[in-house]
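Got some structures for you, see below.
Each of the two complexes below includes chain A, the first together with chain B, the second together with chain C.
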Partner chain A sequence: MSDKAKDFFEAFKAGKMSRRELMAGAGKLGLSAAAANFLLNGAATRALAADFNWKKFSGEKLHLLLNKHPYADAMIADLANFKTLTGMDVTYDIFPEDVYFDKVTAALSSKSSQYDAFMTGAYMTWTYGPAGWIEDLNQWIKDPAKTNPNYNWDDVLPGLRASTAWNGVPGGELGSADAKQWCIPWGFELNSITYNRKMYDKVGVKPANNLPELVETAAKLTKDLGGPYGIGVRGSRSWATIHPGFLSGYANYGQKDFTVSDGKLKAAMNTPESKDYHKLWVKMIQESGPKNWSTYTWYQVGTDLGAGASATIFDADILGYFMDGGDNKEKGNLGFHAFAANPAAKAPTPNVWIWSLAMNAASKQKDAAWYFMQWASSTEHDMFGARKMDFVNPVRQSVWKDDEFRNRIEKSYNGYLQQYEASSPGARIYFTAQPLFFDVTTQWAETLQKMVAKQVPVDEGLDQLAASIDKQLKDAGLG
Partner chain B sequence: MTAAAVKSHEAAPRRRKANLLPYFLSLPALLVCVGILIPFVTAIYYSLLRFRLNLPMLKGFIWFQNYIDFLTDATFWHTVRVSLLYTALTVGVELVFGLTIALLLQKPSRVNNVISVLLLLPLMTAPAIAALMWKLMTNPNFGVLSYFVQLLGVSNFKWASDPNTALFTVVLVDVWVYTPFIMILLLAGLRSLPQQPFEAAALDGVPRRFVFFRITLPMLMPYMVTAALFRLLDSIQQFDIIYPMTQGGPGDTLLVFQVRSYLEFYQYTNVGKSAALLIILWAITYALSNVFIKQWLRLRERARGLA
Partner chain C sequence: MESTSFIERILRGAALSLIVIFFLFPIFWILLMSFQTNEEILRIPPSLFFTPTLSNYAALITGKLATVSGTLDIAFMKNLWNSVLLSTASVAIALALGVPAAYAFARFKFRLGEDIAFTLLSFRFAPPLLVLLPLSLYFQALGLTDTYVGLIWVYQLIALPLILWIVRGYFEDISPDIEHAYRVAGHSWGRTFLRIAIPLARPGIAAAGLLAFIFCWNNFVFALILASADKQPVTVGALAFVTASGIQYGQIAAAIVLSVTPTLALALYAQRYLVEGLSLGAVKG
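== the complex of A and B ==
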């Protein structure tokens, strides 16, 4: 790069010119858009290096465990900048999601130091944290000697910071003052409606505003479209069936998974209100869901929407985002809609899934690993991912205010920003943090399957579920 | 020192060497045995603990409580029932199909040899891949098998998604993958049977049905028991077809031992319960294997008598 071009990008980072002026100037210097973006990120990297000794661990080598995901792709695309910035080398193993968490469990439980940092979800840290497999990151975040002064932790959406922090007490409030920061939010998804606008126009319906309406709309779509089914939701025998649309709607009806009294947990899935909600949900799937619903993971839910096999999904907003692009048959035909399941609710309450970064407690180079983690969750990298890659949804407030990112989304994804803005104020984790999370949610999914298959009536199924969970809590000393 | 004494003195180290030789020769087997026994004994030890990785403070020796918990839990007996049913169905159907195909291919010819090689192809497919393949083929939206079933007038057939047809579907996949295994063992058995009894029966004009039930089947029985034993050991530990297709569902329809044990460890990090389940599975497998082996020895003797 010539000195002239370099100075040009440094001036932009110093705030002396607008992005439009920068790109116009870069064009005059004969730089392509791709080259300009790379140079811009290089300038961002140098700006990042200004007030902090990023070279402290130069020569060290980090090894990461990653899930195959657009967030990981965005990080890998920008990784050369981290290597330049720090002089560290970074290698990684990538696994598909089907086996990813088994690999993480195996690696962490063996106390292997093979991986220094890894991708995780917040729910998983409710297992990894109490087991002593991961570090409380507060000790790095709050240490100015170890954290870049421009890191701006407070810029990360408050609901996400809180959702990834837990004090380890079963039933303890997420984000409480004594909470440990088990992981750093990296990218996240909230749950809302994504629908096929062409199919909706054809049938003459509008996106539903609440669950009773959704049940009716989905039934009409199934009947009138003569092929595609009305509503796609997850159904596999897994925790992953409970956390997206299902729990978002459940929380919107004011329902909880547990009540906590004197430090003891009690299952709360069998209240009359919960039973009513379950009946609606089960009816919706029986009337308008996919025929093989009990095998549906996020993958089938998403691909059916993208292929035009379903008219609506109540799932992760980013799943709709990805199905509205790429090579999907229904690319450009999808619309996004914030959804409050309860007709009496004032706003949506989407449960969130947060892809995060955590640190292996057995790592032998934790400070160096933290350098990577703070870089990967920095504003600069988040901005790069949001503008240039598919790093949606970004976790930093400043990125959501960025015009380039907003214009890009606004232009290509109809109603996505509006959906996000209506949904995000209520977006957080609505589960009670406790160590039996996977036992409970897997059994909950199993019960839902039995209800949909009419093996057990809803009322009876929920009573059995609550009794079984109470017994497990008691056995584990939690109930 | 006499010559005899010198000879005896020289022979002593040689005898010691000869005495040690069997131990050296059995060392590899001993190492393999230790490699198996260490995890086995560890699993027994874990099964006697309350041991969840995410609740380390609760770790403690509870003797047989994990076993008692299972034996008094209705869902555990469902697991036993569905595991045994799956095993009985797969082994039974595969034996019938394997034997039928082996009989059809018994006479060596170029065509039969080509067919027997082609029929082995499913066995070359990893069961987990076969399960995913069948999952696609049975998809009600675009699956080719769903399409054929619809042509036959059966609508809304949900395959592995319906509790009423889930077992049928996974048994079907198992039969597709493993029937060739039985077929090839029985084919080898059929072709190695002594010809004299068959020639004598042909000379006497014995009906073919009589030959099959009174000569072929009894002589083939040791091979059938061997094939069934191999399949039984594998079927009762089934994981790689059931988990990718259903994860043990719908509901708890296909929650067999291995799937349940896998979930206990990898999802719930409950090492104690997972180990207890596997020890119970080992006990069942051991008991069934013993029955089969005794039967096999008895049949082998009988077959020798026949020959």
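== the complex of A and C ==
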């Protein structure tokens, strides 16, 4: 890049010219829009270099394990800037999500040093952390010699910082004072309503404000639309069926998965309030859900919404975001709506999924790996991803205040920002952290399937579920 | 000979057509999907009429996949090549080792012979996930992690027992008298094996080789756990079209068509051997 071009981008970073002037000037210098974006973040990266020795591990080579996801794509698009900044080389393996966690588990459990850092979800760290497969990142975050002074850890949304920190004690509160920071939040999704505005207008209904209303609205949509069904939610026999809309609504009714007493866990899915909630949920699926609901995962729920086969989803907000773009039939027709399931609740309580970065305990170059992790979770990279790529939802408060990002979302995604602002104050992980997470939630999903298929009444099914989980907890020394 | 009645022929034709449609329709549907865009595939109701596009094949071959979140790099052709390399090399080695071993087990009685043969067969009993963790530890120690050599070695767990046991049965069905006659003429065991036994067992060897190739081709988990992304076979690579921002059904269909083609071509070419080899080798007189 010529000095003239470099000066030009530095001037923009220093606030001496507008973005429009920057792009016009870049065009005169013969730079394409893509090259201009790259250089723009290059300027941000150089600004990052000012107060910290980023070259300390120059010449080292890191190897990452990544899931095929827009967040990883955004990072790869910006990776050249990290290499320039640090002088390090970074290679990566990307695996599809269907098999990704099998690969991670195999790599970690065999103590392989092949990967230095990897993408993970917070729930997974409840297994990886106590097993000693990943590092407590507090030792790097809190060390000023290892973390650049502009990193601003406190800028990361507090609910997400807390949700990725756990003290390792079954039932221990997430984000407690003695918690270990098992991973760094990178991008996240919260659960709310995405609906098809055209279909809603056609039938003459408005987005529901609570679960009883949603049950009625979905039934009316199913009846009046004559084809598309009213509400899409996940139903496969998997933990992933429990964590999105279902748990968000469950938490909104003040319900918990476990009670903790004297360090012992006890299943709490069979309270009278929980039974009432389950009855509503089951009724909603029976009346207005997809025909083969019990096979539904993220993919089917999203695809149906994008293809106009469903009118509503109660799932990740970013799933609606993706379906409102691309070559989907319903592109531009979707609306977003914050949702508090309980009519008596004051605000939504969305459970969250947080794609995060964790460090392999068997890595032989942990300090260098931390350099990558702090860069990948920096404001500069988060801003780049949110403005230019699909790094949505960003985890930093400063990015949510950025006008360019907000304008982009406001312009193309009807009501997304309003949905986010109403949902985010209550957004966090509502599960109790404990090592049997995947066993418990899979069994919970299986019970839901039986209830929807009318193989077992809701009351009886939940009593059986709680008894079975209590036995598992006892066998594992947790109950 | 009594000729069949007209009605009987019609009924038989209808029954055969139904069976063919039942089994081939999913493949036909996938073929149609591979020439459609995602939007056309997801139409409600589905339709047989569409404007064909080669964009799915173009995306696979050029390695550029257009998604909601921009253009993604995909390595499908590399995955396809990995599958060809791993399956071909694994079957070639398994044939080189398994056919002489099968002959030895069929023709000679030796100490612990049956135990060794059973041990080799038992490789097929163990669920792959059970052996993968210890294997990955050994592979790290031996420096075989993330190497084609390591993967081809592990693929012997699939190919070798299959070839050994199918070809052994076939050798046992061939009368040893022909070989004895050749031996009486002054030829060595090795020459008898190469000149008499192998040509006679060729259909069985071809059938076993083809089956082993298909089993290796369809394997999913060994490469996933033991190798990095650039050495993954097509079975893992095809999952790349299931992305967080949507499922690329058209590209999945095109990937299925491309990945089925080599095994289908091989099966069609070796069809005569396959039927003959499997039926003769399986029946004991």
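Some points to look at:
Just so we're on the same page, the second predicted complex is superposed on the first by the 459 of 479 C-alpha atoms of A that agree within 3 Å, B and C clash if a C-alpha of one lies under 4 Å from a C-alpha of the other, contacts with A are read in each partner's own complex, and residues count from 1 in each chain.
Everything that follows uses one rule, which is that a contact is a pair of C-beta atoms (placed from the backbone, for glycine too) under 8 Å apart; a residue touches a chain by one contact, two chains touch by 3 or more.
Everything quoted here is computed from the prediction, not taken from an experiment.
In the superposed model, A:Asp102 makes contact with both chain B and chain C. Of the two partner chains, neither chain B nor chain C is touched by A:Glu216.
Looking at the shared chain after the overlay, A:Gln455 reaches chain B, while chain C stays out of its contact range. In the superposition on chain A, A:Ala309 makes contact with both chain B and chain C. By the touch criterion defined above, A:Asp224 reaches neither chain B nor chain C. Contacts of A:Asn328 after superposition: chain C is touched, whereas chain B is not reached. In the superposed model, A:Asp73 lies in contact with chain C only, and not with chain B.
In the superposition on chain A, contact is made by A:Gln114 with chain C only, not with chain B. In the superposed pair of complexes, A:Asp390 makes contact with chain C only, with no contact to chain B. Residues common to the contacts of chain A with chain B and with chain C across the two structures: 102, 106, 109, 309. Contact residues on chain A toward chain B in their complex (touch as defined above): 101-102, 105-106, 109, 126-128, 130-132, 236-239, 290-295, 304, 309, 435-436, 438-439, 442, 446-447, 449-450, 452-453, 455, 475-477. Only residues 52-56, 58, 69, 135, 138-142, 156, 158-163, 245-252, 263, 266-270 of chain B touch chain A when the two sit together in their complex. Those residues of chain C that touch chain A in the complex are listed here as 37-39, 42-44, 67-70, 72, 132-133, 136-137, 140, 145-146, 221, 224-225, 228-230, 232, 236, 239-240, 242-247. Listing the residues of chain A that touch chain C in their complex gives 68-70, 73, 92-99, 102-103, 106, 109-110, 112, 114, 227-228, 298-299, 302-303, 306-309, 322-323, 325-329, 389-390.
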